[in-house]
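Sharing a structure here in structure tokens format.
Order as written gives the chain letters A, B, C and D; numbering starts at 1 within each chain.
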Amino acid sequence: MTKSRLEAFSDGVIAILITIMVLELKVPHGTTWDVLVPVLPSFLTYILSYIYLGIYWNNHHHMFHAAERVSGGVLWANLHLLFWLSLVPFVTGWMGENHNAPLPTAVYGAVLIMAAVSYTILQATIIRRQGSESILARAVGKDIKGKISLILYAIAIPAAFVHQGISDAIYAIVALIWLVPDRRIEAMY
Amino acid sequence: MTKSRLEAFSDGVIAILITIMVLELKVPHGTTWDVLVPVLPSFLTYILSYIYLGIYWNNHHHMFHAAERVSGGVLWANLHLLFWLSLVPFVTGWMGENHNAPLPTAVYGAVLIMAAVSYTILQATIIRRQGSESILARAVGKDIKGKISLILYAIAIPAAFVHQGISDAIYAIVALIWLVPDRRIEAMY
Amino acid sequence: MTKSRLEAFSDGVIAILITIMVLELKVPHGTTWDVLVPVLPSFLTYILSYIYLGIYWNNHHHMFHAAERVSGGVLWANLHLLFWLSLVPFVTGWMGENHNAPLPTAVYGAVLIMAAVSYTILQATIIRRQGSESILARAVGKDIKGKISLILYAIAIPAAFVHQGISDAIYAIVALIWLVPDRRIEAMY
Amino acid sequence: MTKSRLEAFSDGVIAILITIMVLELKVPHGTTWDVLVPVLPSFLTYILSYIYLGIYWNNHHHMFHAAERVSGGVLWANLHLLFWLSLVPFVTGWMGENHNAPLPTAVYGAVLIMAAVSYTILQATIIRRQGSESILARAVGKDIKGKISLILYAIAIPAAFVHQGISDAIYAIVALIWLVPDRRIEAMY
């Protein structure tokens, strides 16, 4: 029961975050095509953030499917992850409204890297409780994807001050890495 | 379990979307009857969008009732549907505030057609996994309703530039088509 | 399953409505006691609406506890109830910001009466399916409370144009009537 | 079932509150470091409130894990707790926007103390129903933490008018007290 309530709560928070981001898409004043132009960067940023939150929900789902029971430490590691995810609408709004200016783009990356770090902590907390022979531990393995993502984010953040397009491309690449189905965990079913 | 979590997440997103649309109904300044007049088109658009989201929730509910298990592909096809539904409050706000001007009305239709397409993709993804002899495959059959809806939306979008009233009427007709109870799926119970 | 998903969806919508109303409490500018004065009517209206939504959640909870299965008609009767409840934040904001002026107070009552009517329809739809000998049918009985509420709302709406205080008092009285535990349904447990 | 629906509803409300607070973090205009400076107090207040809501969710979770069945009284005691928690985003926004000025800081404390009181009432309502020999009654014991928190809040509220830093420190200390894992209840598992 403990596990299902944690899942329900996390689903609730992610569902609300994904939906609340839409409120950052300000309804334009006017009814011509050109009023949609300033909405475009916000819209593209919205799509990127939507995909990121979708990936987190998906991976969270798989991870807890493989988890057995949850401790107090897992509850807090999970709240820590949700904290960083909760900042996604804020940085999405800021980056979108400013046509991906350097600082907002870097801050967006900072939130993504903190979310990735907190996800790694959550994963390690669950595995520590279950032992290195558990299904989850074997499915995660060396967590190559997780490590590559962290490295890419660490490159993208300073790169925003060179040209924000580099960072945007890196954020899109990391999303693509995770969109590819994860055969390790899928194989567990 | 996988299936119930997907349902809970989708319910959460649709419940939030349906509720967040109300935030687009701006509380009027003033306390006389005439301050309610500009709220009226927003209110009518809200009713239309509420009915559409209600129909999607209802159909989603029936479809997953008939589904057995869900794959990674189904998770993403579902997130794809929720993405288009998440744009409903945005286009509802835009169309409502502009007394159904041509462009917002056409964009509203574009979101509806994309939602319908993504629903069809989700349905096909579930059926492919279950086989053409499954309960769902037989209940859906040739999916006449789905095809008619797509055709009507495709007419409504350009029609908005002739007269937006035509498009509004078509959107209402499609909603009515779906409000009529679907004997095919109800018969499964 | 059908029943539990309907409950979860309704819980979601009511939980969001109850929370979204707080967004109508505008954060005051300034840090002195007097900036809180204009917030006071909004706050009192918020309390009233919170209690109403709490009562609806509570009664909804008891009603579906007693219900066995749900049909397509019940799904739509439930969405109809949620529609009227979804307007509560809008009228709460309007009434609160205008110190309970006559028209907003009357419109608030109109939303309450429509919610009550739609609740009665939902209840009748469930009972029709279960038969007059069902637990719910016997628990509801002649539904004296429901009928008194409808009469009181019908008085409160025109009374707002005489003096809004009368309507406010009636809304509070109806809430009190329902806050008193309902021995009929509690007895079922 | 009654219990799980109450849990789901409470999870929903707390999940929404935690997420809605982020809307009080206004997206800054401009793209330089200095536009982030005014966001900082709002951000720190957000972190504090996030931790508080996380603690309430966590404790609520443990408490109902130990509860067996819920009565009508528990439903209302729970709604009472959620009412005070629902005001957290409002006071968070007010306190954050005003760099922790005395009055907003005191009002923040007032909401925290009312939340703590309503939590105590909820706890007592559940225990009364289960008897003093129940798991929950023994786990709660003399509720030292609860009592210390109430005393600290009662000091923090007037202290805000001396210096708001004192109150902020006290709020942080109370949060820390609760963040330390509660061995009494954890031991139940």
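Criterion: a residue touches a chain if its C-beta (ideal position, glycine included) is under 8 Å from a C-beta of that chain, and two chains touch if they have at least 3 such contacts.
The structure displayed is predicted, hence computed values, not measured ones.
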item: Chains touching both chain A and chain B, listed by label; value: none
item: Furthest chain, CA centroid comparison against chain C; value: A
item: Self-contact between copies chain B and chain C, residue sets same or different by half; value: different
item: Whole-Å separation of chain centres (CA-atom averages), chain A against chain C; value: 37
item: Distance from the mean Cα position of chain D to that of chain C, given in whole angstrom; value: 26
item: Two or more partner chains touched - positions in chain B; value: 8, 12, 16, 20, 23
item: Contact graph of the chains (line, ring, star, complete, other); value: ring
item: Residue ranges of chain D touching chain C (in the complex, touch as defined); value: 1-2, 5, 8-9, 12-13, 16-17, 20, 23-24, 71-73, 75-76, 79, 82-83, 86-87, 89-90, 93-94, 97-98, 101-104, 107
item: Residues on chain A engaged by chain B in the complex (per definition of touch); value: 7-8, 11-12, 14-16, 18-20, 22-23, 25, 27-28, 31-33, 36, 47, 50, 54, 57-58, 61, 65, 179, 181-182, 186
